[in-house]
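Notes follow the structure.
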């Protein structure tokens, strides 16, 4: 099994989730994060003092999938999260040794 | 002028004053005004300031404003009122006296057409807000115990004497200083004390390299709005009656607030390309602070000019103090209140002129003469307050120390001084 | 009726009015009422609205309410008051005139038993809240510059003339229209302008598919509570005296607010299985807006009926406009204020009846006659406001454009229009 | 005493009372006081309580305070006012009667020097805050429907009769009980009902092992500050005039609030090493609740003593109830309001003494006699309220059940009872 | 070493933490997240408009453990987080190449 | 590629980020977390009731780097985040199979 982690723009979350669930992928865990990268931050103004805020609000999706499903999942996320602008984010793929469903104790594919 | 003289007369002739009898309408307005001015400090100022600091210090600022409200109230009752408004005998030019624990303020005592109890309360709310304003100068780094010691000493060594000079029959009032509702007594005093404290304490860790953005501007705007509303009590209440003077004071106050706000907004928009809500509310405070000493003497046109001047002058003062001098007067008390108070006290001498829509000068006084009186008042307040604040800080340092440790400053005063956190969401 | 006639008389006979003399109790109450009505807009309405939008737009709404407060104040002083309440000579049926920069509002001028300065201020707070209410119609997508242009034009082309017609001696007041505290002038005007603006601007991106839940309902409830308290100044202050009419207006206002709240809550509970706090406070606003035109004329029973009607009718209007017509009047200004204003203006003609506990009709007027007068007033306001708002929007579009870009809408108005964020927790 | 007698006289002689005529200043102050006392409940108390609960229950508390405001208002209009202040004929020692839907409260009716409509409204705000205070006892676990049923029954079975006994001409007023503004009627009643409800409902899940820290102390401080300001209307308004009694009541109220705050802070500082903002505002409420019954009778020194006593006694009561008895009176209503009400009602008999700066005893009464009367009043209220609250809870349980399910308690009342969340940041 | 990541219901956090520390596992990092899965969300109501909120508040625990301790840790979490209802959450296990304690520079097992 | 995850004290975030960007590492994702470990929590006081809050606010940095860059990155973080006191935090290293830039579809090193 693999863990697919995607860091995307917050306003794309709904699109990505819809696309995934259309493809039968329901489960995921979402975290609000701050991103630093090439995308520029914005300027804020407080009593005449301007300063640059260089972190950007992003959301991180974590999706555990079976090995078969990796490619489709990545494809879907890539498409749905793309807005053709810097800062659209990244997808990371890593190995998962095991997954366990707490309620039933099921493991592996069954636990997803 | 008339105002101070009137007070003076009432205080000297309590029995005669009583004979005048109660005006229930004036009483109603002053009871209301007292509530409004207390409302300015808690929650108004507390929220205004609380929103501007980082979230780890939010409670500390609320705590300071709240505690100072309590402490000042009792100090006022114990001796403050007597020293400010009582008769100091031979020393009366400089300080009043008597009336410890309000011993002479009986249920029947009158102050003009209102009960003296109400006058005591109304004036108390002015005494309360002044040290609370200073909090903005040393926010986010001063020890809570030091704040208490400092504020108690400062009340008796700065606020009370200046209040006596200006409103209690002291030398500035005899000189003919115009200060309708507290340009010198409240705003210059608070502004000067704040910047002196800021310099003595030193900068907050990280200032000015790290940005320290306000943690909750919705809170700040809420507080600012409350200040505006409450200021009607501050200025229109200072007429001590629900009469035409009160009406014009309210109108002037309101116009100046609106003009100060828009002036600040306009500058920001031109210089930075966008107007900000923190900018506009800061302009509002500038407009209100500046009109305060003049509010009972000027007409709508004067108020408009004063408000616009306030927005512009206080904007550039803030830039200068913070960006050029790099003084960490955390919440800009001096450039807004101090500078506003100075400006307004001086402009009062201009816009009181009948030609400019004001009530006109006293007999034998012209604009130049009045201006020179106002300058004396302004300088006297700045010097006295500056020097005494320094001394008070020295004493406080020797008693409790002034600043929290660097570690405590990093983890925030809420936890390190009060074992609490503002938010557990 | 009596009320408007009285105003008319005072305004036509200022010197005589002055002779009547000041009543300090009335003065105290009107000074207080002015503070209360300003309190309704800032912070009241600002918080009510601010809590309802998404957090990325929270400051923009506060900024809009605050800036409109400032702008309207100065417009009112410059020419608004003169045009609304001055004598327009040959044109007086339609518009007033004179009094530029309040030139005739001297310190001594009276308006009935209160200083004219206070009357100016009291009426100003009504002029302030009306454009601020409209903000709810175009929230979360309109350019800040466009809002300013729009509101300035709208003040002079809509608010001021309608105010003159109804309260300033214009044709509707001569016709005998009953509008005690602003059913037409404030609420219908605001509601109609809001929905017209909402339609012209178009829906927010994502409406109605994506949910746009309020970002902070505690803020909304705070604002709503302030509106309730402030409304006492709005309605009971409109008696222009601290007398029995003021007392009954306060009682009627309160009863209607409570009844409107509970009516809305009851429907929600029945239809959805649970009552919500957003529901109950919306019912409260409906109850208050609806009683406003009738508040000085009805008794407790009338107020109860009006409140219940308000809760029910405004609930269904909200559903209809939002869910069936899918118009994105962001914060439901029309279904609550517009519909409430219409309903209340009409019901005033019913519950003024002495049999129903009201003050009774003027001589020669019966319910039907009064109803027809009210209908004329309602229709005239809707048509005038609708058409002029459209024109004003056209002009504004050509000057500044109306909407922010899609990208700015997505990132939120706080950052894109004001370079600030509400919260840095 | 005088106060109650006066009311009694006015109520018995409405036509004569009318002859006395309106005092517009008194009217202005009572209109204002009504606004202030409503402001205490919404938003004041709602925010004070709302900040103290966990964020998942924040809206539920606001909803409860708001809904009870609406419900109590209509109950008061329907029959509450008549039963509390009307003439109950043969039963008048125990309960009033008549005036259904305020049928006898005409526009012209007077109550002393103020319109009776205003008196109805002013008293209504007292009836509103009492059940809202009780909310703190059962917060975070009681069903919303149960709260409504409970509060309606409680209003008629507890509040209204006790109000009649003390202020409506009933037996306690005839006995000579001193309760200027609601030590028994409001605070003991609320405190006793809260703790009885807390015991009957049982502890919150997790109490006392899991900490349940306040979710937003800035909100709590905001609410507390509003309570302080609003309390001026509560106590100084209870003079029913803008006169010297009102002034002294305001002064006494303020002193006690400040003293209670500082006393609590001092204990905390000594015992825990740090003072907290929650501590100081709790001390403030204690000081205000305790001075309430005495506020019209005492002088500054009495107020100071009462405030200090309040801070100390309520602090230890809170520890005792919560830590030793482990009763989950969620927001400490009994130890603060109940104990404060008892303490204040008793101390009123001491500090009314002329030697201690008070107004002095009635003819033929001395301290001991007055103390015994006060004790009777306190005990009667505790017993009546305790027993009737138990009965009302029994009835409510049989109608709707009392507690939400454990699952709903875990997920929070906002979602489970109202389908809403406080924050969507 | 392994990284054990558990997504659980928020009100179970205290139980899980107590159980782990009883077993001698003190260190962990906790994040507030939103979960999507089979468990149904709730309905919210705004001015008569109902809509379904389908994400659920969850907490994510990350616990780095030595290989020996994996099984016990998983067992403890599984037990303590179980409330026998849908949405109790999942446990993910993955490899960790290295752990370093910042203060001392210790690595591997010593750094835990 | 490797994923470097560091849990550090919040007030060190700026230092670490500056140090990394000086070394040419710009991209990272930051999450606010709560940490449990050896470092003691603090006491809070509510109406006279004291209780101990044992979680501590921390921030978690996730930095995906090419294998070559692992050592320098770890070194930089270790240095910049060190305040010589308990609770300075930990660094975790794990494998990443793949990284994809959403906007362009680039993978591997190019996507960083």
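As written, the chains take the letters A, B, C, D, E and F, and residue 1 is the first residue of each chain.
Heads up, the rule we're going with is that contacts are C-beta pairs under 8 Å (C-beta built on N, C-alpha and C of every residue); 3 or more make two chains touch, one makes a residue touch a chain.
None of the values given here were measured: they were computed from a predicted structure.
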item: Mutual neighbours - chains that touch chain B and chain F alike; value: A, D
item: From the options D-E, D-F or C-E, the pair that copies B-F, where over half of the contact pairs coincide; value: D-E
item: Chain A and chain F: spacing of chain centres that average the CA atoms, whole Å; value: 18
item: Between chain D and chain C, distance of the C-alpha-averaged centres to the nearest whole Å; value: 34
item: For chain A paired with chain B, centre-to-centre distance based on mean C-alpha positions, whole Å; value: 52
item: Residues within chain C bordering two or more other chains; value: 23-26, 28-29, 32, 213-214, 216, 242, 272, 274, 276, 278, 418-421, 423, 425
item: Multi-partner residues of chain A (at least 2 other chains); value: 31, 44-46, 50, 94-95
item: Chain-to-chain touches, reported pairwise for every pair that qualifies; value: A-B, A-C, A-E, A-F, B-C, B-D, B-F, C-D, C-E, D-E, D-F, E-F
item: Touching residues on chain E, where the partner in the complex is chain D; value: 11, 14, 42-46, 50
item: Chain B - residues contacting chain F, complex; value: 210, 410, 415, 418-421
item: Residues on chain A engaged by chain F in the complex (per definition of touch); value: 2, 6-8, 31-38, 55, 58, 60, 74, 77-78, 81-86, 88-95
item: Interfacial residue positions of chain E with respect to chain F in the complex; value: 3, 17, 26-31, 64, 94-103, 105, 111
item: Contacting residues of chain D [partner chain C, same complex]; value: 22-29, 31-32, 34-35, 38-39, 42-43, 46-47, 50, 58-59, 62-63, 66-67, 69-71, 73-74, 77, 101-102, 105, 107-108, 110, 114-118, 120-121, 124, 144, 216, 219, 242, 417-425
